[in-house]
Every structure is written in C-alpha cells, then in structure tokens.
Amino acid sequence: MSGRNISIYPGSFDPLTNGHLDLIERGAKLFDQLIVAILRNEGKTSLFTADERKEMLCASVKHLANVSVESFDGLLVRFAAEKGARVILRGIRAVSDYEFELQMALMNRKLQPELETVFMLPGEAYSYVSSRLVKEIYRLGGDVSDLVPPIVVERLKAKGSI
Amino acid sequence: MSGRNISIYPGSFDPLTNGHLDLIERGAKLFDQLIVAILRNEGKTSLFTADERKEMLCASVKHLANVSVESFDGLLVRFAAEKGARVILRGIRAVSDYEFELQMALMNRKLQPELETVFMLPGEAYSYVSSRLVKEIYRLGGDVSDLVPPIVVERLKAKGSI
Amino acid sequence: MSGRNISIYPGSFDPLTNGHLDLIERGAKLFDQLIVAILRNEGKTSLFTADERKEMLCASVKHLANVSVESFDGLLVRFAAEKGARVILRGIRAVSDYEFELQMALMNRKLQPELETVFMLPGEAYSYVSSRLVKEIYRLGGDVSDLVPPIVVERLKAKGSI
Amino acid sequence: MSGRNISIYPGSFDPLTNGHLDLIERGAKLFDQLIVAILRNEGKTSLFTADERKEMLCASVKHLANVSVESFDGLLVRFAAEKGARVILRGIRAVSDYEFELQMALMNRKLQPELETVFMLPGEAYSYVSSRLVKEIYRLGGDVSDLVPPIVVERLKAKGSI
Amino acid sequence: MSGRNISIYPGSFDPLTNGHLDLIERGAKLFDQLIVAILRNEGKTSLFTADERKEMLCASVKHLANVSVESFDGLLVRFAAEKGARVILRGIRAVSDYEFELQMALMNRKLQPELETVFMLPGEAYSYVSSRLVKEIYRLGGDVSDLVPPIVVERLKAKGSI
Amino acid sequence: MSGRNISIYPGSFDPLTNGHLDLIERGAKLFDQLIVAILRNEGKTSLFTADERKEMLCASVKHLANVSVESFDGLLVRFAAEKGARVILRGIRAVSDYEFELQMALMNRKLQPELETVFMLPGEAYSYVSSRLVKEIYRLGGDVSDLVPPIVVERLKAKGSI
C-alpha cells in the first residue's frame, strides 16, 4: 500500500496565510505526499497571479520534503485523478466554512466516488485568519506580519497600495 | 515513513450502525492500520456490554485486513499513545455534530499536540443514522435491518424487548 | 383530492405552550385536517400525564374546527399511516432545532417514503418559548401566564410546587 | 375550503436542477395547485433568459397536472397575493440555507401576515446540488447529466462554452 | 473609573434601520458614551453617501444625549484607539451573523488586545431587518416605513427609483 | 450615571475553569461592578457544593477589586433585580452555545425588559474548555492544571477519585 496516500490541498492562496501553512505542515505529517494545488481562477480578479502565488508557496514549504506545489484549472476531481491522489485535504475553521465544505465534498464524491475529502483543524491561533481579511487589513494600513509568511509581507510591500 | 499512519476510530458503538461501518471502510482505505476503539463507558448504561459490542464489530469488519477492534477506558489520547497512533478518525454528519467534535479535537490536541483529528463524511444514505435512533426505532417495533449490519439485527432480536 | 391533506403535529406538550398553539393555528389554515398527536412517552418522567396534556390541548384548540387531539405511542410513522396522514408538521425556531428535526425527518422518510415532513415558523414572539423553559421558570416562581394558555396556568397552580 | 391551497415555489432556476424537480414533485402531492414562479432578476446576469428557464421548467413538469409555471418580478408577496396563494414553498438543504430562508420568511410574514412559508426537504441525493455548482461544473467540462433534467443538458450543450 | 466606557458601534448604515436604532438605544443605556461610526467604504457602491448617512443618523439619535455620530475609514481598531474607546458594540441576529462577527472580533483582538467586542441582541421585531433587505423591498415597490426611521423613508422617496 | 453598570456573570462553576476566569477579567474591565453569581442548582448533582465553589471563586478573583462572588437560587432575573444589576454577562464560545444563550437572553428580556444580556468572547486558548470536559479528563486521570486555577487542582486532588 506504499505511495497510496497522495493528498491534494487545493485553494486560491491569494495570498498564502499562516493558517494555510499550519495546515500544510499538519497534512505533510499524515500523508506520504501532499500536493498544494493552486486554483488558477482565470475568471476572478486575484491580487497575485498564479505564478506569484506559486512562488510564495514554494518558498514557504521548501522545508517540507514531501510537499510540492502545482497550479491547476478545470475540475479539481480531474486534477486529483491525473495526480493519482485519493484524498482532498481541507481545513475547517468555522461552522459556516464547514457547511460549504460539506457540499463541495459531497459533490466531489458524486463526481468521483473513489476520492475522499478529509478535514483537519488549523491551530487555534489561525482560526480567524483568511486571505480576504489579510488583504483588507493590509489595504487599510494594518500590520499583517503575524498573519502571513515573511515572503508574503515582502511581496505585499512590493505591490504598494492594493 | 512506513507504518506511521495508525489511526484510531473511537466510539461507543452501542450498537454499531451501517453509518459507522461505512466510515470504517472509508478510513481503512486511507490509513495503514485502523483500530476501532470501543469506549467501555463503565459509568453509563449501555444496551450491549463492551464484549458484545466488540463481537459485533469484529464480525462486521473481518473483511477488512488492516482493521482491528479493541476496547478501552481512560483517556483517548493515552490509548492512542499506547498504540502509537497519530490520527483520530471521526465521522461528521450534521453541523451540531461538528461543533462538539471540534471542541473534543481541540481538547485532545491540547492534551497531546502530536495527535491529529481528521474528519471524514459517511455516505449520504447514513447521514441521519445514529445508535440512539436505531435503539429508539427498534424499541418502538420498527424495522432497523437497513440501518445496522445483520449481526446487530440478530443480537437485538436475541435481547427481545429493550 | 379532497381529504388528502391530513396532517399530524406530534409532540410531548408537557405542557402546551403559546408557541405550540400558534403553530397549530397556522397549520389549521393550511391543512384540511390537523391531528395534534401527544407522544405518551411512557419511559420518561413527565410533569403532566398524557390524559392531562390531552385535556389542556382539547380545551385550547376547541375553536379550531378541523383540529383534533389524540395520543399515541410507538412509531410516529405507524400512527401517521393508521390515520391516513401524509404530512408531519413541525415548528422550527432555532438552528439547533432544525438540525435535529432534519435528522428525524430523513429517518421518517426512510421508514415511510410517502410521508412528508413540512416545517413552519411560529410567530417570533414565541421563538424562545419551550415546555422545558416554562417548567423551569414556573418552578423558580416566575410568571408564565404570557407563555402558556390560561388552562395550563390553572393546572400548574393546581399542581402546586413542581 | 376548496382551492385554498395554492402554493408558490419561487426561485431563479438558472438552470432547473434535479433537486428543484424533486421538490416540485413533493410539493405537488401536498398542495391543490403549485405555481413555480421564476424570478426574472432583470438586474442580475443570468445564464438563461427568463423565457428559456420557463421553457425548460414547462418541459420538465408537464407530467404534473396541478403544477404551472410563471415568471414574475417585483415583490414575491405581491405576486402571491395576485395569485390568491397562501403558501410559499421552499426547500432547505443546509443549515446556512435555513438561516437565510428564515430571514426571508419572517420578512415576508411582516409584509403580508396571511402568507405562510413552509419548508420541505429535497431527497438526500440532491442535498448538495445547486444551480451555481451545476454551472461551475459544466463550465469546467464536468458531466452534469445526473444533476439536471435532460432538457437542461441539451440547452447547456446548445449554449456551448459558458 | 468615570468615562472609561466609551463604546463604538460601527457599520455601513446604508441606510439606518429600526434594528440599528434599537441597538443604539440599548447600547446608550450601558455605556457612558456611544459613538456610532459610519464606515465610509470608498471602494464599494453605496446607495447614500457617507454624509447623507450621517445626517440621517444624527437626526435619528438626537434624543440620546450620550450618542454621537462620526464617519471613518481605515482600520476600525485604529479609529477606536483615536477615540479612546475600549469597546466595540455589535448586534447579532442570526447564527450566520454570529460566525462572521466572531472572526472579526478575534481579528480585532489580535490587532489590538485591549479592545473588547461585546454583542447585544436587537429586539426580536428587528431580527430579520437588514439594510440590504430594506433596499431590496423599496426597490421592488414595497412599504418600508415599519422598517426604517421616518427620515430614511423621506430620503428614499427623494431618491426616487433606486 | 455612576454605579449604573452593575453586571452579573452567572454560572454553575462546577468547577471554575481558566475560561471562566478569563471572562471575569475581561468583564471586570468593562463594568463598574461585576457579581459572579453561582447557581446553587439544588436539584442537580454537582461535584462541589455551592460553598466550595464560592471559596474557589473568591480565592481566584481576589486580585480584582470590583468583582464579588455570591450564590443564588430562583430566577436569575430576580437576583439581578435585587442587586440592581442591569446587565447579564455571558461568554460565548461555539455556535451551539450561542443558540442556547440566545434563547435564554430573549426569555430573560421577556421576564424583565430592562435587563440586557451582553456577550463577550473568552480568549481563544479557552474556547474548548468547559467544566464538564475538565471533570471528565480529571476522572480519567488526565492533567487539568492548564485548564483550571491552582486552587481547583488542589481541591480536585483533595476529593480523590471523582
């Protein structure tokens, strides 16, 4: 059964937060291989391009030997199948997260019954950190250096006002 | 990293339902070894003794090579440590389940930070099946043969009125 | 299609509250016939006997021509079938109510697929009134005359301290 | 009291899903007449025009003698009054649905106290199906033929990429 | 300890509703000074300008001696610090409100640990009233005079169709 | 308006946890006077008597000049009236807490409209700590010294096995 536990951790990561990073570290201990999968989201306006997001992720997970970073578009279940992954990893913080996650998990199971979604809890210190809030606080001039990895702080500063 | 994924699926299993069994089967695919851990619950009144519950579980999971059944009392985190388990597996159905599970998971992380709780979803057909409802329906003369494994139906009948 | 809309409103009604009564009045406008079904609950300790609860209900719904009161034990779905009812009526107040109600409704659908559960909202003034709270407040010497029909106030007083 | 149970099932239906259809079938058994009411939503961008949505709905409910399809704009309570309807029918799936539905129901009761909102549960197989998810999956090249009626699959294909 | 209880009640108030006003009146009884803080929200499209919103608020709270109205942009915690406020007051209605409010409160505590968020409940009659719903109902030609203060009705009428 | 902010923090405190203590410290900063009110709960079995609970509380809050400890039975709203309190303080952790708290707050407002309930958030580190869990962990031989004040650890040890 070796190698069977390839797991995908999908998200927009626009930008990566310490909450994401905490979950990646937890997942890396449980699964043989963890692929952080950046949703390209062509339709939506993102602050950072998919390439910028990938660069920040790669820099932040390089200490984790069994974690790789890729970007994808199209259906998540199809990307998982291409990668031979059997698990989608998701972090849940609040109850309202959970509801949405539940619907997605059931739909993904419908689309590909062999693919399981597993949920893990980020550390409590990150229970309220989201990419959206980080961007809002930064935009209003607040300090986000406790909320995101150092490379994200740098890149936000390089962007200037957002 | 071989053998690292020993997982514990704890519960009262009084009695085992098809929802539990569905989750055990899903977990058995993800983890190298899955220990179904019956909480003895000495203080509470249970319908079946821990030994009876273990017998029904063993009979129902014998087709799963990497699943074993044990009973425990005391702290779950201590039992997990004795077994070298790094994961607690829990099924979540409803939002109210989730809240309780979240509190337990955070407390268990506090008691033993290395132990992770992961959540999986049972099949939708089992989203409303609980041991409590099964007992209630059986007690009122309803048919529970779609809700529990055959051996549980037998043993309920052997008990007579409950 | 005449007579097809026989509806059952089940509960313990220990005791009847103004919130129950509000829902009965709303249901009576929607269904051809509404049967208020008192769960006898032999196992549990109730404040009022099933007969006392029935008497208070009958007195409180006598202005509603298409409402009758009965008591039952055993499975609700079986009682509904005996009565030719196709609908179970339930009031929902809070989200936590809803979760439990959802599980019951799915289980009842499993046991008898033709039986539908429909949910209605009691008036907002009753959103926090429950039999349990009424008993607690009365027990502590509080005034419950705004929370229950007059006959329930009388009968509580006749009981003395509870 | 004949004819009193005219019920309205409002929505955008952009597009109709099997979950909607399941609920329409359940509602058609309970009410004398069920009007599926398509919200025109002039302000919002919809994938299908109100006329296209109506055509797909008409084709999909033609086996239900007491169901008709109309479109409306303006206040739902006003449309209901024009139709002589006393009931708004809504399906609830998740807890977060329920919260929003509750607010709408209380507001509609405020605007027109005689109009009741009743909630029913779609079949579990549809608990995670929404128009939004269907469009998303189709857009990404996924197969939606289990999620929507055949005519919707056809019309999506006729649209090409969306 | 006099003067220590300066409290901030932040919001968009686009427009002020009777629910907001109810909460302001409750808060004014508890705190020595209550500052209603209008978020300017330059980025978003609002129906009324910040100045119009301020004017309607001032007119509606002039009977409350310890309530003042200001507008701000930037971080709420910074505005609170400038004002010497130690409390942020928020109203909670529904569970989904609460979740979002919880995340904001934890984030604000992270940004400024001395600032506490306290939650109060608006009167039940306002539990479903939101600015968004008020605008929607008005836009569709409904009567909102029970939902907002008289000056807001006037100003909506002055705007004409919205 | 001096002295108007007498606040009551009610609970069973069986036993006091660090989460309770955190909330008392937060409340003490906001209100002129904070009365910790121990519900005697004569009917229920408690681990510690009301006097023992009071002693542990007094020892743990003696550094807070404006906090006093009392015990009460009967209706909370009556106790609040006797004390001239206008505020009930409650901590909320999880969504399920919130629902129950909401019902109690609305009922208490009904019983005494002048009395307001305000909610505050305990520190995140305590979000999962409850008296029930503390007792459970202690009973199973776990270490609770991070979860409760030192005097509670002592008194639990003095009780021996519980």
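By letter and in written order, the chains are A, B, C, D, E and F; residue numbering begins at 1 in each of them.
The criterion applied here is as follows: contacts are C-beta pairs under 8 Å (C-beta built on N, C-alpha and C of every residue); 3 or more make two chains touch, one makes a residue touch a chain.
This one's a predicted model, so the numbers in the text were calculated from it and none came from an experiment.
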Required minimum of steps from subunit B to subunit F, each step between chains that touch: 1
Taking each chain's C-alpha mean as its centre, the one farthest from subunit D: F
Contact-pair overlap exceeding half with C-D, pair selected from A-B, B-F or A-E: A-B
Whole-Å gap separating subunit E and subunit F, where each centre is the average of the chain's CA atoms: 30
CA centroid of subunit B to CA centroid of subunit D, Å: 39
Distance between the centres, which are taken as Cα means, of subunit C and subunit A, whole angstrom: 48
Junction residues of subunit D, two or more chains touched: 95-96, 99, 102, 106, 124, 127
Chain-chain contacts as defined at top: A-B, A-D, A-E, A-F, B-C, B-D, B-F, C-D, C-E, C-F, D-E, E-F
Subunit E-facing residues of subunit D, complex: 73-75, 77-78, 95-96, 99-100, 102-104, 106-107, 110-111
Complex contact set, residues of subunit F against subunit B: 93-96, 127-130, 133, 137, 140-143, 146-147
Contact set on subunit A toward subunit B in their complex: 1-2, 5, 26, 29-30, 32, 86-87, 92, 95, 98-99, 102, 105-106, 109, 116-121, 124
Of all residues in subunit E, those that touch subunit C in their complex: 95, 124-125, 127
